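Listed below are the structures to be examined.
Two complexes follow with chain A in common, the first pairing it with chain B and the second with chain C.
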Partner chain A sequence: MKAKTLLGKFETFISRSLPVLIGLVISFVIMLIISDQPFTAFVSFIGGSFFDLYSFGSMLSILSILLISGLGGMVALKAGAINIGGEGQLYLGAMTAAVIAIYLKLPAPDFVVTILAILGGMLAGALWILIPALLKSLLNVNEIVTTLMSDYMAPLLTAYFVNNVIRNPMSGNAETVRIPQTMQLFKLLPPSKLNISIILSILLLICLQIFYLRTKSGLKQQMVGLHPSFAEAMGVKPQKVIFTSLLASGAIFGLSGALVTLGIEYRFLQGFSPGYGSLGLTIALMGGIAPIGILWSSILYSVLLYGATKMQVNADVPFSLVFLLQGIIVLLVTSNKFNISFGRREKNE
Partner chain B sequence: MIENLTVHLKGISKRFGKKQALEKVDFELKKGEIHAIVGENGAGKTTLVNCLFGMIQPDEGEITINGIRYDKLSPRLAVEAGVGMVHQHFKLIPEFTVAENVFLGQEIIKNGIVQEKLQNRRIEELSKRYGLEVDPLTPIYGMSVGMRQRVEILRALSKDIRVLVLDEPTAVLTPNEVDQLFEVLRKLVADGLSIIFISHHLHEIMRIADRITVLRSGKKHVTELTTGLSELEIARLIIGRDQSQVLKHSEADPGDVVLRVEDVLITDSRGAQTVKGVSFNVREGEVVGLAGVAGNGQSELAEAIIGMRKVDAGRICYLGQDITNISVSQLREKEIGVIPEDRLQRGVNPYMTIAQNIYTGSMNDESYGRIFLKLDKIEQHAMDLVKEYDIRGVDDGTFVGELSGGNIQKVVLARELSSQPKLVIASEPSRGLDIGATEFVHKQLLELRNNRSAVFLLSTELEEVLSLSDRILIIHGGRIMSEFDRHSIPDEAVLSAFMLGVENKS
Partner chain C sequence: MSDIQYFVFATISMSIPIVLTTLGGVFAERARITNIGMEGLMLISSFVSMAIAAHLNNPWIGMFFGIISSMLFALILALVIFKFNCNSIIAGIGVNLLASGITWLLLEYIYNEPGAYAPSGIDTLPKIRWEFLKTLPFIGDIIYNQSVVLVITVVLIIAGFIVMRYTQFGYWVRAVGQNEDATRAVGIDPIKIKIATLLISGFTAGIAGAFLSTSSMVVFAINMTAGRGFIALGSTIFGAGTVIGSVLAALLFGAAEAASVRLQTLTIPVQFVLMLPYVATIIALTISSVTKRLRTKQDNSYETFVPSITIQR
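Coming up: the complex of A and B.
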């Protein structure tokens, strides 16, 4: 019994890691072809995050954001909904946090303002998904389409505001003024940007793990996600559950954006995100739609994202290689997933 | 070979795994006749016509169509041989127009361009000739079921066919639409076509068919002329097996009314009224069985009682409280156990563990936790029930989907019945189960009844209803045709006649 589960765990570990390894081998081959110093490039790519404490801290600061985004993607998927608009919700959350911290001039202590900015970011993220969520639960409009459409609007909308309404006149970039230092999130490993977001992200992970494993609402969410017709027969309303899960997903992406503004960027900058939000769905799927799995997949992505920056500096390989690698890994992981789910379906019939 | 035979099937046999679906069936279709194939569910009617249409390859036997013998028949060959089929479930694309659907895959093409005008004209010709009025340019969605069936028939007729097979064509139609369909069929026959007609409704067969062939568990029982047969005789031919042995149970001692259904009207999702004024009640300490051929309103009635379907009119009361159109979650707070018809869709969540599946039935019970779940207690409760209900094949965290059908049903029973509910609604509780599991289910239901629960049993298996019920209601076409108590049950042939819509004259 025990041996069987251990073997099973080893098998899932192999089947999850294999696509990553294959992806790495392919990217190394590509480096061999296009680069004059493929080994330097490859070592920076894989190990760039571990060269020194600063790199490590920077990698972790990316991890805190990606982990939260991954969890945001997961929350919708658990209830059987797909939120493709994570990037949009992240942009709205990031801008809202900046506006609250910089322009509202609230008569409150700085740390309270920071907290309000975070909450405001979450609210903005939730509001940005409100229309898709309402359409889904009231009229059963496909949420993939509506969240995707809202995803296109968000970066452009925020770009409009940051260019025309809240632009820092002294700057050449389309960005706001900086957030006062007292409102920035507490740094854990200066001079790197690692801040208390990493603690927040781990806390969120633990909370969600408990929510899905140990609470009645968590069980209801999974009932709807796994088998809606049965949930309905047990008196759980799928529309209601999906509505709340989409709102929560939007709020978590908004949180992600607020933390970027308050802990990494210290301002809102047009087009600041290298896909922090859109990666959320990929990370959630790669992590098997489970909190612990998502921790691993977000670590992988952070290492690669930061490693790509290093690689760009140390060798002549462009950053965009990371997107190529990402594509390959996602392709392999998803094809692997299909295999697993087909196997399971056959068993049930 | 006899000249005027359009179709001649000789010694057709077909096995599906362990089940002998057809055994040496002979069938003859004369030119210009309407030939009905009748039999109980699973008697092999659909399998037989699927063999004729080339959708199923028989294991042995000869198929001769219009004097040509076919060794290997495919749907394409069958069409070429002149066989057209109207399936029970329509295969139409809702977004396409009538003409596009009729000529789908066989468009009239000239120089690579579809000749729409020609197609439309052809449809108009056909519809005028046979009285199948449809506009070729109307899209399918928004059309009534009867109209859709016309399109299906047109599609069959658009090819040059000699034989038209209709698989339960009237099941979905209103009486008016049935009349129109029969008129069309008569015109087709007058035009020299032969028709094979599958139906459960005896009075329709009496009206339209020239001959009937009765299938009984895969074998041909008899082929007879319809004239000279009464509905009752046909029913007897269809059932014709020994009276089932009656499961022993003690005399019922019915008490207060637990479930009362009054003049309930229900419209199904297609907009057809499927339950047309049904009234009955179920008392504590008795099993009331609702027997009927599938699709006569039982499913809708059961769904209405358990809150999954809205009632247009009428009242449903549980212990004197009005529970008409209440929500499922409200219903689950009451002491009502529900065994749903579709086990894998509504009975269990195959992707969750046994403990989770059992707990989901008592989510309103706060002793398992209000917000945070007491997982140990849930697990323990489940393990107790696994023992009590003898659920087999259970490891740590086994997903319900990994269990066998009988054990899955036991999970449903454990969840729904272990709390000794006051009322049990059991729909097809033994569907797809083997003998052992069926017996287990039946014993559970009788035990509940002996412990003063009220049991309402809906089943298309007449034997099941007969062996369990203290009172039997027979439903046909959304109405209760008759009611018997245990001591005055007529023989099965008479019962079947009622199930097939013969009026109760007593």
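Coming up: the complex of A and C.
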């Protein structure tokens, strides 16, 4: 283990960032090849989020979603399970939240409905992963394949509902009607879409940090992730822990879907997500499966994701470059050959 | 053609890409280097085959370069796993994302199309049109008009079976899967074997990808493989890593896909019908898990195959 000195922390930061740097270099090379104005493209990609206050607010609104998705990916990974169906859970969460906000009529203030919509989204996300989680914990069925299969099914399910049941008949797109203004999440920096979900996401981060560092259940989760057989010997039931972690992961992805609906899109639109859910796993891995690391990686990715939309407008480089970058990062992120140390030798290793 | 014949015809043509990908996946799985990246390997080959086929108006050269691209990606996967010490599962997911990103980017950049590109008037892979087939009852109609890739698939299934069971290489693959240290002790480099199996899965996934984009019409759509690589992974697990078992499992998933195409004409909403292959995969994995559990209660020998998916971090 590296000592937790400032230098040591800096070194881990650099070695963590190397896959990202490699990815950015490759992205830049691609821009040089395909673009007529590669420098405009690169500046927009990296700095597009900081051009003006509106861009900055929009970047932060993406950050709130990506941070939660990253935490969702992390919760499963902590217990050693891989949930690559985040996008599907996010879809279900987003649709459920929209349905509750639009159709639920209660003799209560509107914010109660908003809270119910958020909770409903979480429940939907958790339900969508229930079967893979049950199969994993009871029968040890490979959760990668099952969560991915449910990931392909979710957009089909929402497409059915949004086309046949809850469609806005006035719209040409497959989408619901808009959520009443009073139920939308409070905006912090209008006209940008930054809203209180950024505070929610930070709260969730702090809660999870405390959970994993300070509580017994958090310790159990990590024990199962690192050494399942050791955990079993210590009297922890890995099946149970993996089950709860997958369920929590699904619920968190559902939460981020609900927040997209209530705070950014204000309706459910089929195909609304540029990979908010599938980026969750990437961000969790980039952040070293730890809450603070995930904060950094989600900041980085929301800067790039928003920058990519700017890049597409300002230069002739398609938005899909971010997906390529994502691939390179995930490909290299678990490498342990990037560990570098400045000047001093490691003792006792 | 009767209804049953039509269904079998559709099952076979839907199964071809899954069977091919499964076949390579079996080798990787048996060498305990589960290839999660097969989806991406298929996808990159689909794009490259389509692009080259459209450019040269020759689907065979397209397929050739598709296979090359897919094997190149398999090589990248092998490189990051064995040279950079990456987790093989995560790196596999990375390959899928990378293939998805690259093909998406190229589709937008080269053809300026946001979702799909289908050049018109390009030759597709030829069909089986042997006249003697028409004289055969039942089977004739099923085979006639299938893609020539079916012949390649059948040849590869037989070859895969023979290689796995009767050749030195197959023996090594199985040995590496069962006990890596023992193989190292007798002078076989397990890493070389694993890389070879990854390349084999790149080869077959490459053919499968070319089939998807250049057989019935020349077309490429974003993420057009639609989970078939993972369904193939499901078949290798369901087939317990045996060539014949996994191919049969792949046929099962092909049947589910054929059924989903067939049922679209009924009143069931199309979205639910399209879920069928995915549901079938989940059910099949569950069944294989249950039977494995029952079997391991009686038999704990080394022969009992255990899928190698675990995360070490």
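Here is the rule we use: the second predicted complex is superposed on the first by the 326 of 349 C-alpha atoms of A that agree within 3 Å, B and C clash if a C-alpha of one lies under 4 Å from a C-alpha of the other, contacts with A are read in each partner's own complex, and residues count from 1 in each chain.
Quick note on the criterion: contacts are C-beta pairs under 8 Å (C-beta built on N, C-alpha and C of every residue); 3 or more make two chains touch, one makes a residue touch a chain.
Keep in mind the model is a prediction, meaning the values are calculated, not measured.
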(message) Just checking: does A:V313 make contact with chain B only, chain C only, both, or neither of them? Give me first, second, both or neither.
(response) neither
(message) One more residue to check, A:M170. First (chain B), second (chain C), both or neither?
(response) neither
(message) By residue count, which of the two partners contacts chain A more extensively, chain B or chain C?
(response) C
(message) Quick check on the superposed pair: does A:Q326 touch chain B, chain C, both, or neither? Answer first, second, both or neither.
(response) second
(request) Go through the superposed model and pick first if A:T215 touches only chain B, second if only chain C, both, or neither. (result) first
(request) Show which residues of chain A both chain B and chain C reach, each in its own complex. (result) 226
(request) State the interface residues of chain A toward chain B in the complex, per the touch definition above. (result) 1, 213-217, 219-220, 222-223, 226-227, 229-237, 344, 347-348
(request) Over in the complex, which chain A residues touch chain C? Could you list them? (result) 30, 34, 77, 80-82, 84, 131-132, 135, 139-142, 144-146, 148-150, 152-153, 156-157, 159-160, 163-164, 225-226, 278, 281-282, 285, 289, 318, 320-338
(message) For a test of understanding, state which residues of chain B touch chain A in their complex under the given definition.
(response) 306, 308, 327-332, 338, 340, 342, 344-352, 356, 359-361, 363, 369-373, 375, 395-396, 401-402
(request) Provide the residue numbers of chain C that touch chain A in the complex, in ascending order. (result) 36, 76-77, 80, 83-87, 89-91, 93-102, 104-105, 108-109, 226-227, 230-231, 233-234, 237, 269, 271-272, 274-275, 278-279, 281-282, 285-286, 289-290, 293, 307, 309-311, 313
